[in-house]
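The structures considered in this document are given below.
Each of the next two complexes has chain A plus one more chain, namely chain B in the first and chain C in the second.
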Partner chain A sequence: MLSSLYVRAFFKDRAGVLALLGVLVVVLLAILGPIFAQDAATRIDASAAGGGSSAAHWLGTDDLGRDVLARTIVATRLSLLLAISATLIAGVVGVAWGLTLASVQHPRMRAVGSNILNVVLAFPPIIVAIFIAVILGVGGRSAAIAVGVAVAPRFARVVYTLASSVSAREYVHAARVLGLSRRRVLLRHILPNVADTLWIATFLEISGALLFISALSFLGLGVQPLAFDWGSLLTSGLDNMYTTPAAVLGPAVMIVVTGLVFGFLGEAVARAGNPQRWAVTRPKRLSPRSAGGAGSEVLHEHRLAETSANEEMVLRVENLSVTIPTEDGEFCPVNQVSFEVRKGEVLGIVGESGSGKSLTAMSIAGIAPAQAQVVADRLEIAGEDQLDKPRRAGQVAMVFQDPMNSLNPALRITTQMTESLRAHRGLTAAAASLKALNALRDVHLTNPETRMRQYPHELSGGMRQRVSVAMGLVMSTPLLLADEPTTALDVTTQAQVISLLRDLRAEGMGIVIVSHDMGVIGEICDRVLVMYGGRIVERGLVEKVLTSPQHPYTQTLIDAVPDIDDDSGRWLGKTEATS
Partner chain B sequence: MTALEVRDLSVVYRTGRAEMHAVSGVNLSIGAGRTVGLVGESGSGKSTVAKAIVGLVRPTEGTVLVDGHQIDRSRERLRLLRRRVQMIFQDPNSSLNPRLTVRSTLAEAAALLPRQQRFEVDELIDLVSLPPHLSERFPHELSGGQKQRVAIARALAVRPAVLVADEITASLDVSAQASVLRLLADLQHRLQLSCLFITHDLAVVKHVAHDIVVMRFGEVVERGQALDIVAEPSHEYTKALIAAVPRPFKATGHEPASRRPSMSEGHPLGRLAPRDAVVSPTAPGGSWPSPK
Partner chain C sequence: MVASFAMLRLIPGDPARRIAGSNVGPAELEQIRQGLGLNDPILTQLKDYVVGVFTGDLGTSYSSQQPVSTIIADRLPKTLELAGAGFVLAVGIGIPLGLLVGALTRDGLRPRLSAAFTGTTSFVQSIPDYLLAALLVLLFAVLIPVFPVAGASGVISLVLPATAVAAGAAAILARVTRVETLAVLSADYVRAARVKQLSTRRIYGVHVLPNVMTSALTISGLILTALVGGTVVVENVFAWPGLGTELVRAISQRDYPVVQAIVLMLGVTIVIVNLLVDVLISALDPRSLLRAS
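Presenting the complex of A and B:
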């Protein structure tokens, strides 16, 4: 069943099918060429020697008057056989080498092995191949072995690197904890998960081997006269390149085309081998899980405190929808969402994965994914219409979940903080860094002068999150969008970030916090929206929503949150918590 | 009876000339059917303790005893003993092999037991309350909570006595977290499993664990019964941890504490039975379902 899924995935991929056709043509040439063209390729005709391209000889003839086109076609079989056997040797030796090295547990032994591999890699493969070919003696077979052995370390390196990263994954740990044998862990849990890249490497290496063997033939170490491959044809054609250029063209084009089709086929095979691409056979879940019971389509609105029309709105969103076209029609992850945020107010958007809460925030910030179509009747930040603006620089600051990923690891804090000031506000470097320094002070970062010169990896998670907030402050934007700002942080750090956001609120910033964490929402937000399946299902003051939720989904959501002050032991249905 | 005991465990990581004391002199013991919550923030060494217990990290000093027997890496016959302790990992996206279906993943683990004791894959799927039709799915076709259920089933397939759960709900949505934890509590009860529950979330651990051990910088700073520790922490660090836990039900601090509603009295949610239909109730003191 799996193989049929695999085949189906492969044939869905147009590039893969074309590459397969190309490879089939080359393979057919290799099989049929010598059968039909052997005679033309070896017939010596002194009268036609050294001729250019003509109707009789499309690619001309060589010194002995043999037809170059026929020779090129006949050479396909030998060239391909040698290249494929060299790659097989390299693959088998290299994969075994890499996997063995990756399965060494002892750190020092592993370092030694990896360093030996690095030293071997430092020698250019062609030099190693020449060296081995000289030892083995000239000839096609020894050229293939020489190239195979010379290229093997490249495979070993790829396999070792990939396998090392896969062995750090939790399913490999789990397999080891279960007590599966080392061989089984390697062959079933590690190897299949490095196969993608390995397939590509293997097929690309066929074209590499083709070149190396041709080079050996060129040096006289490879295929010997009477036998001929594309490399030796290229060599002999090169002598007369100025008189009969077509003679070089044939083998050169064949080497390039063969390399390309094998490369493309490798990529296609790798793509099709990934089960994540087989999912197309199952219908995509477009409709949200049912929230349970009636009333799930109704928006439960808690009566809000009096709102005066002239109150200053930082953000006004009316009927924001996001649609994503898919194969099965349009998917609408955000559906007709309207809300507003006042100055100095914190709005929480709560929901679980797939509720559309993050996409809502991203659409407001103007960073929704490219394929998503964002429409709204109104989208205003600080009274300014944002709908037609492609970028919202200077209007919105954004804080993301993972501060490690949202800061550029290659740049110092100062560079990251000042670049938008210099680009959008036209400040000088000195003025910008003064402003950045003040912003870092505002977020209560210790030693801001030192921190400015540091890189993100030198800061702790909490410090990095403060820096992201400071990056928003520095632009003095009216609106801060925080997408799960505390999810990746420890509780004590989380408490610091929450108190920082409270300070910002006190200074009049409008803040939107997107989170699935009711605790965080309850701690800091004034109002809250509950999103489910792309819609707002409940909204109101945070106390009201948390303590008397009207929508069944809100109720399940709140019910799912453990309360540290609840001593009844009922949350997990535990009857005797201290027994 | 003590299912798992950790004595004077120390783990030192060496990188070049630098030494990092990840865990220093930790003692733990978990009785049969009990849950110990191991609490700490990142860098506290709690995950290293877990890895040392299941043998993914070699302890620099100290011993791990399962059912009273010492686990020694070098002896092959102790592989069976080692199997008595299984681990469930944090990241549902990384804890299942993406190339294997649910069925193959579970079948591989189940096949490790002798034929008479072996679980059928369908039994395992039923044990963790997964819908049977998910058995032919690949991990990427499952939700986070479903993946963690498969991971639990895989661990149970070798009939362990102890489960080490390392932040298993940290990356799940709240409702998925609650249902996975309910499942775990139910399984523990039915199968008399012991559990080392590692988390940074004190609100969760209070509800899950009988006892709590608090770690900081590789050392145990406080231990005791769960309710006591949360109610009256004695170490400064534990106090800070508990104070930092967000209290959604106490609202935003706009209201005086006297008006804050509590979960247990008069709260509309208090009436809802917390145990949902996901877990089938079973008689207390049950044991492993007998193999077919």
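Presenting the complex of A and C:
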């Protein structure tokens, strides 16, 4: 499954290449170490026994005068071999376990199997490994088996999760329909699709297995005298710590470094497997100059029927720009945007994602991302300047796209409804909840008393959007910003939210709706702005813009609305034609 | 939970037979067989063992002739003390650190701090606990003798072993907490709270913290069980008189009733810990089904 793209992505990752080099060095040590250093590592020299570090013995010598550095190097082979064998055992046992579990058809049996696996996973592998090592008898081989079995459940979990998701996909259903046997489906269709992830898990687990086997050897349950690995060298080093402290360092450093390079290699392989990294060039950032193409410099402004300067302005924005510093210079997602909203008016801002429409709304609400710099010649809500911080509370309310995420799951509705009243208006809890209750009635929420005591997860999506709107109403905010308020809702709930917004407009609230959905915009907005590449490319009364768009980009957006009379496929053709 | 109890009961019967069969001389084997009642049918053994466990009779140590239950009662508090101290340390450092770095690196702020944090935590995380223990002894007990090398005598002797046990766990907790903090900070409900112009203290204390804590606690349960495992190994570096040192002694002297009882105790401890964490999370998270009624 290793495609050339995959390999190329891997070699672009500097950390990954370093990790690979590190692994190669360790493997080389494992191969060459015993050939060149075996003699120095096992030669007993009573005269040098227990010596500290010296020119002849960099890390000192042990009880029998053997050179610790040479022993550390020689131990590489055994340590690595045991770790790799343990990982292979874990892989084989874990894959078999996971696939068997995934192939169980009976749902209850499967749940029981999955629960047993979870319980096994809850046990620390080191205790399981100790347990199995005791049963098998101490020694290097049984340590490898013990660690392999102890780590196997982790593989089983990975395989089971992946196989379950793969087997729900259509090509597996197709294979089943064709009458292939279950085993064949598992081995031919499911296993290859989880293989990539398994490779990554293998590299990561080699480093885990190395640590566990060293721990077993360290406890005296692993490799037994005459043979030695890093763990057992560490034990003997600890015994002589007062005389030769350096003897602990050799095996310690090797264990940590080897664990790290295998771990990093696994992570790098995982990163390379992410197809987003396969792109040959980085996605080009929209630069304000080139973003709109040739037509963008011209603002198509439909003359408004009547412009009365006396009308009360709820929102005035002049030359609002947002810049975000990036590695390759400043990036300007909102560029010199000016508009205003009157009392009792609904303004729509449309554009594709990345056009800057949401960021415009967030800047007005004062919640632009922390690293973004928001500048404007004028930003006024209900005649009050918002540029000088701190802002005054209760000027703006905001409704977000995803009702599942816009209310705090850990707090009751009443807390969220009343907190700004209590913080900014100094109301008591009782007075605040009375106000909140009225606001909930205003948005036509059923059983408001009960709802107040509930948590967000107990409410439907439509109810939550109403609560979001009501949270603004309690503070009698003059301006409501709604970022895709209907996108995540079903059609019936959409209609209810739109009718609620109409009611608010009738009461004189100024509303800004940010959306890419021309249908919703057409239904409720008075005026509309079209944004593209951070700029306003067209503006005007909603009927004018929708019926006779001047900018080719607006035309594209309008065409993107599926039309029942028309083949919705034409959207694709149009975008290609205009872009 | 039901399944884990079922599994715990499976542990004792089976290994007793295998231990005796694989690496013990014939004379000793017969003695063990008699001692463990291994000549009885396996179901009777299982029954005897289960009855024994529930009546507090875990057998007698071969080497010291003490009742195993006495040894456990003697050793378990010490292990819990060390694991508990390690847990407090890991949670006390990991969660606030993760929260702080998460808040400082939100929206991609301070990329260098973010990289340094990830690098440091993954390095600390990859040092095995027994090795860290050895290095700590080398540094702070041998080269700079500030703390005692071994033994359990008061709080001062708890510092090094608890640090060794806690470091990796603190690193994992800090990473998880940071990721969770970043996710919560970019959630719409926190934006909504910022639109309300609430004080920073209220935003972090009331809106962010409870949501971060739920997931931090979920992982804490896993970490506590890992800590019990780490304790078993680390105890041996510091000659800490807990279950871990006793386990290794018992294994090297083939004192199987003790081995069996300790493994069982560790299993029970882990199950209880997981149960407690589940209960705690359901008490804190309003979405949990356990609280719905």
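Following the convention adopted for this analysis, the second predicted complex is superposed on the first by the 342 of 579 C-alpha atoms of A that agree within 3 Å, B and C clash if a C-alpha of one lies under 4 Å from a C-alpha of the other, contacts with A are read in each partner's own complex, and residues count from 1 in each chain.
The working rule: a contact is a pair of C-beta atoms (placed from the backbone, for glycine too) under 8 Å apart; a residue touches a chain by one contact, two chains touch by 3 or more.
Given the structure is predicted, the values throughout are model-derived calculations rather than measurements.
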item	value
Chain B versus chain C as contact partner of A:L260, first or second or both or neither	second
Contacts of A:L238 with chain B and chain C, given as first, second, both or neither	second
Partner chain(s) touched by A:H424 [first = chain B, second = chain C, both, neither]	second
Partner chain(s) touched by A:G519 [first = chain B, second = chain C, both, neither]	first
First, second, both or neither for A:S214, with chain B first and chain C second	second
Which of chain B and chain C A:P409 touches, first, second, both or neither	second
Chain B and chain C footprints on chain A, overlapping residues	none
In the complex, chain B residues that touch chain A	41-42, 51, 54-56, 79, 82-83, 85-87, 89-91, 94-100, 108-109, 112, 138, 140-141, 143-144, 151, 154-155, 157-158, 173-179, 181-182, 185-186, 200-204, 206-208, 210, 225-227, 230-231, 240-255, 261-264, 267-270, 272-275, 279
Touching residues (chain side chain C, partner chain A) in the complex	3-4, 7, 15, 18-19, 22-23, 106-109, 122-123, 126-128, 130-131, 134-135, 137-138, 142-143, 187-199, 202, 206-207, 210-211, 214, 222, 225-226, 228-230, 232-233, 236-237, 247-248, 251-252, 259, 263, 266-267, 270-271, 274, 285-287
Parts of chain A lying in touch with chain C, wherever the complex brings them together	112, 115-116, 119-120, 122-127, 130-131, 134-138, 207, 211, 214-215, 218-221, 234, 237-238, 241-242, 245, 248, 252, 255-256, 259-260, 263, 362, 365-367, 369-372, 390-394, 396-398, 400-402, 405-412, 415-416, 419-420, 423-424, 455, 457, 468, 471, 475
Interfacial residue positions of chain A with respect to chain B in the complex	169-171, 173-180, 188-189, 192-193, 275-276, 278-279, 282, 352-353, 461, 490-495, 498, 516-526, 542-543, 546-549, 555-574, 577-579
